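Multiple structures are listed underneath, in structure tokens.
One chain, chain A, appears in both complexes that follow, with chain B as partner in the first and chain C in the second.
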Partner chain A sequence: MWLFALPALLINVCIILIPGLLTLMAAFFVWDGVGTPAWAGLANFHSLFDDPVFWTALTNNFIWTAIFLIVPMCLALVMAAALMMVPSSRIVVQCIIFLPRILAAAVTGRVFQGMIFSPVTGLVGWLNGHGLSISDPLADPDRSLYAVAAVDIWHWWGFLAVVYFAAMRQISVDQIEAARLDGAGFFALLRYVLLPGIRPTLVLMMILTVIWSFQVFEFIYIVTQGGPANGSEVLATLAYRNAFFAGDIGKATAAACVMSLFGLCATSVYLWLQTRDSASAA
Partner chain B sequence: MTESRLNRTLCLILIGVASFASLLPIVLAVMNALKTTVEISTNPLAPPRQLHWENFTSAWNNAALGPSLLHTAEVAALTIVMVCATAAPCAYVLARQRGRGFRLLTFYFMASITIPVQLYLYPLYFIFAKLGLVNSIPAVALIYTAMFSPFSIFLLRTYVVSIPYALEEASEVDGATAWQKFYYVVLPMMRPGLLTVAIIVGLNAWNEFVIAVTFLQNDSNVTAIVKFYNLTGQYSTDWGEMLAAAVIIVLPVVLAFVLLQRRFIDGMTAGAVKS
Partner chain C sequence: MPVTRRQIVAALPAAAVAASLPRVPARAQDGRKVVTFWFAQANSDGQTALRNDLVDAFNASQDKYLLQLEVKGAAVNNLLKVALLAGNGPDIVQTSGPSYLTAIANAGQLLPLDDLAARYKWKERFLPALLNTGVYGDKLYALPRDYESMHLFYNKQVFSQNGWKVPTNRAETEALADAALAKGITPFSAGNADWKGVNEWLMTVFFNNVAGPDNVRRALSGELPWTAPPFVEAVELAKAWYNKGYFGKNYFSLTNEQSFLQVVNGKAAMAMNGTWSFGTKSFGMSKPDTVMDVVPIPGLSDRVTEPLSHLACGATLSIAKTSQNAEGAAAVFEFMLSRQFYQSMNRDWPGKWALPVKDLPPDLLQGIGYPLFEKTIASLHEAFSKGRFGFTTWTFWPNAANSYVTEGIEQVWLNRITADGYLNRLQTVFAEELKAGRVPPLPPRTA
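Up next is the complex of A and B:
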């Protein structure tokens, strides 16, 4: 029977597990990617912690986590509850808000750069010409992280709303009708019936949000490359640049380890929940 | 009664605003793909006065989008085949076997879903460079297979669980081996699951950025996403042409989504909805 699982396992071990373990090892060596690695102890971690950019990146990862635990969550919950209240054209609306999720990050990133944020060709530029004075947020180190987060939120929140809506549909109709007959308004219904009803889904999505927030790379690398002046730097972009542009594999792998360590806490909660569920389902 | 009508109106307004926000960047991109760059900078919100289809022909020719789209299709097809071939048998044993070893294997695949690319990317790159596998499309498809198969295994496992075990028992009586049971009894019934997996894996491979941009550096074998990324810097000037290229790359995905939206949505939200 093991033969059935062997090909999938073999590919996974060769591509993910072994290189993953090598990363943990490489963090303790000095290596430029070509020559012989030399033992370095904690030197890579010291040089990482001495780098102020590392602390900017780590802070940005925490800010990113906080943003994504709040903004898309609230948007999606309110949207899903609104869909519960309106019985018509649900499928069309779901498709529309899901659409951004299937578009490639590289394309979405560029479209936002050109059509939304650009002071020349974008919405920002148009608003500037119509009395509002906003500068290009991508050129501002203090705002670039939030601008990229806005792109990722656009891409992500509709998917989340569809997930929550699917979960809310599993709540018994009687419960919702009873609350309505008792005169519960929109927010009372959301607070006392819908939210408790989708708690397992909500918890799972929050844990996944934490895991993904420490891995975030694509949108930031595509839109700002971590800049300007490291304003939108996160651990993943820091690691990537160190590995492929600065040739400092030790520092890159050390940053990858730090970022995995934070994800690991959330991952263990995720695994505990998932195995508990699959055990109870069996 | 009036309050509930007010609620309903507010909900409709909310849904309208949300749909508008989701569509706005897409509409702007499509609209401006048909304008000249001068027209775009004059007013990005105005509809095109004249349809400049030449943006599309010049994007297609200047960027050599044709060959790179072919590479994207190759990577996606190879990945789909490899994921289906390896994940289906694996999902079958994980659904049917109860031993401790298989429970550990389930745990391992679950854990590998949450491992960040960054944790294995760097050694993988240098290993592949040493083996001469950088700039190879099958090598990229192999990495995608490893990345996307754990999710596929869990999706397919739920399909296997829903197939009545009695069918396999019946074939056992007829003397079927484990492989025959899988191939002749279970696999045909997994078809809808395999179709969903093919769609999701194909979508992910089509859109993937990090691995593609790292492992495909030769302009002659990049995927469409990498080609697009390399062509368009942050301070790109020819926005009309760039947006036309964006529309060309995204169009197959959107068409597939419109035709098969239920499968896209069900497949991508699978595992996220808990009861």
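Up next is the complex of A and C:
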């Protein structure tokens, strides 16, 4: 069995475990990325925790996680249930809602930045020109995180809906028909038949959402670069700036370790749930 | 023929030996030695100029070396660090200025250029103020690729229509800005939606033109803390101007090009921007200089009574220590010093490759055929030759302090922290880097 696992194991050790351990080590050194690293103990973590921007970034990661556990999940579940109940036009609707997912993040980010939010070239500017006073949410530190989240939700929820729809199709048609004959409406069917039927997929996507939310980088960096005034800063953008602008690899990897900690927690919860389900099934 | 396990095992030591052999310079098909060069960002005009005026012209000028240039984009500094660590970097190492050069030079990744400099007399041919930014521990590691400064670009048609004159001090500048606001014209167009570095461009102006270049130099030398009153005044003025709307309503929404275009179109009166702007698309729309004019930015306090240029080196050129073709790289540098290259590159991509040569005769500049740019370069050359300059954040601030100057000022403008809080944090970050020897070399200046 070990021989079969060896190729995959080797790849994982080489491209995940070793770089991961090196990253962990770097968090305990002062290093500018090219010179000789010097042992720093926990100084990078102290420096990180003393930086108010770190706490802003961590809070924003939690807000981002909460948003993505609620908004795209609900949108996707309702759409997937609707697709189950209305078979006509399924393919066309799936294509349309999946389309944002195949666009490059840079394209989506620039489209929203320039054609939607911009007060000069975007929809916001057009509305302002027609008497509706709206400011660019990306320029407001209190709203910029939510504006970028809206962009990412637009890009993400269709994919989630297609995944849920695929999972719902595994539910027995007899079960759905029986519920409808018993008079279950849209939301009753969703609540009592469809949601319990896709529970494993739902849990998996929620766990992955938590992991991805603590890794979020691309949309934020493309659209706001974490600003203004760190209003949309998250741990990944903070780590990137520390590493590649401030030349402080140690502090950057300390931030990356905090990110990984949350991913590790989410993965542990998933593994615990899997073990529990397996035990109860046996 | 199938390869057996025994053959693979036998090949492994051979592969290991091959990998450990010393590198030899790559050769092109025609036997020329290849010189590799990674360039950072270049717009379409810039890429055409690089291809025609540098690569093709150099390769046609001799038959020993073949220059291969790759435009790597904004991530080039990070790519370079990794490549140099792995011993696989390009022959010619271009960094985005002394702030980036310091770490690479201190890490011993670059070839000292002193021998080559003596042979080609580079020390006699470059402006000392710029050349000194490449000297670490008495050794020359880099040549300056260009000089830049923050300048005041203004729409002379808008000025003429409103009867405005170019301001010469803070009172006149503020009076003009208030008059522009009253007419619905943005006084200083600026936007950082695509590049946060715009923040530090503006802070370079405030630090130097308010606190004074001598105070800035003392602070960079560690003789004066950044919390000293002149810097508090500088940051307070930056905040006051932002809050008054001098930089427009859409600072965080406009890109740098969009903001500059507002000046060209007359929606804004002025822009405090870099001399590299001559090479941007938005400035290009004002050719042939009928709309725009440019002057050094006036002093903005009692300490600075004259307009001030800000010494900046936008890029440095070095040779990798592991380069197998240092001679070829030096030949490229020598080509860059030619009259032909100076004129063609500055004509086709003005502002990006203003090589800081010591001897700049008028006919060399006039050959460019771009009067406003020629005037600006001549004035920068004079100011930098005579030691009359301020210090730009992206050239003389160490990396972490530079990054904080850029990031932190947004918090001041948006009332998240005070000017004192901002400067306290800057002082803390800067003191650590000063102690670690990360502050780039500071050229002397004259009053």
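Everything below uses one rule, namely that the second predicted complex is superposed on the first by the 251 of 282 C-alpha atoms of A that agree within 3 Å, B and C clash if a C-alpha of one lies under 4 Å from a C-alpha of the other, contacts with A are read in each partner's own complex, and residues count from 1 in each chain.
One rule holds for everything that comes next: a contact is a pair of C-beta atoms (placed from the backbone, for glycine too) under 8 Å apart; a residue touches a chain by one contact, two chains touch by 3 or more.
The model shown is predicted, which means the values in this text are computed figures rather than measured ones.
Visitor: Evaluate whether chain B and chain C can sit on chain A together after superposition, giving fit or clash.
Guide: Because the two structures are overlaid on the shared chain, the partners are seen to clash.
Visitor: Thinking of the overlay built on chain A, is A:Pro37 touched by chain B (first), by chain C (second), by both, or by neither?
Guide: neither
Visitor: Just chain B (first), just chain C (second), both, or neither: which does A:Pro141 touch?
Guide: Second partner only, chain C.
Visitor: Is A:Asn230 contacted by the first partner chain B, the second partner chain C, both or neither?
Guide: The second partner, chain C, only.
Visitor: According to the contact criterion defined above, which of chain B and chain C contacts more residues of chain A?
Guide: B
Visitor: For A:Gln113, using the defined touch cut-off, is the partner it touches chain B, chain C, both, or neither? Pick first, second, both or neither.
Guide: Both partners, chain B and chain C.
Visitor: Using the superposition on chain A described above, determine whether A:Phe244 touches chain B (first), chain C (second), both, or neither.
Guide: both
Visitor: Need the overlap of the two footprints on chain A, from chain B and from chain C, as residue ranges.
Guide: 33, 113, 120-121, 138, 244
Visitor: In their complex, what parts of chain B are in touch with chain A?
Guide: Of all residues in chain B, those touching chain A are 3-4, 7-8, 10-12, 14-15, 18-19, 21-23, 25-26, 28-29, 32, 37, 40-41, 43-45, 82, 85-87, 89-90, 92-94, 97-98, 101-102, 105-112, 114-127, 142-143, 145-147, 149-150, 153, 178, 182, 203, 206-207, 209-210, 214, 225, 228-229, 232, 234, 236, 239, 242-243, 246, 249-250, 253-254, 257-258, 261, 264-265, 268-269, 272-275.
Visitor: Which part of chain A faces chain B closely enough to touch in the complex?
Guide: Checking each residue of chain A against chain B gives 1-2, 4-5, 7-9, 11-12, 14-20, 22-23, 26, 33, 75, 78-79, 82-83, 85-86, 91, 93-108, 110-116, 120-123, 125-126, 138, 154, 158-159, 161-163, 166-167, 170, 180, 185-186, 200-201, 204-205, 208, 211, 214-215, 217-218, 221-224, 235-236, 239-240, 243-244, 249, 252-253, 255-257, 259-260, 263, 266-267, 270-271, 274-275, 277-278, 282.
Visitor: Give the list of chain C residues in touch with chain A in this complex.
Guide: Checking each residue of chain C against chain A gives 77-78, 81, 84-85, 103-104, 106-107, 109, 193, 196, 249-254, 258, 399-400, 402-404, 406-407, 410-411, 413-414, 416, 438.
Visitor: So in the complex, the part of chain A that touches chain C is made up of which residues?
Guide: Listed in rising order, the residues are 32-36, 53, 113, 117-121, 136, 138-139, 141, 225, 227-230, 241, 244-248.
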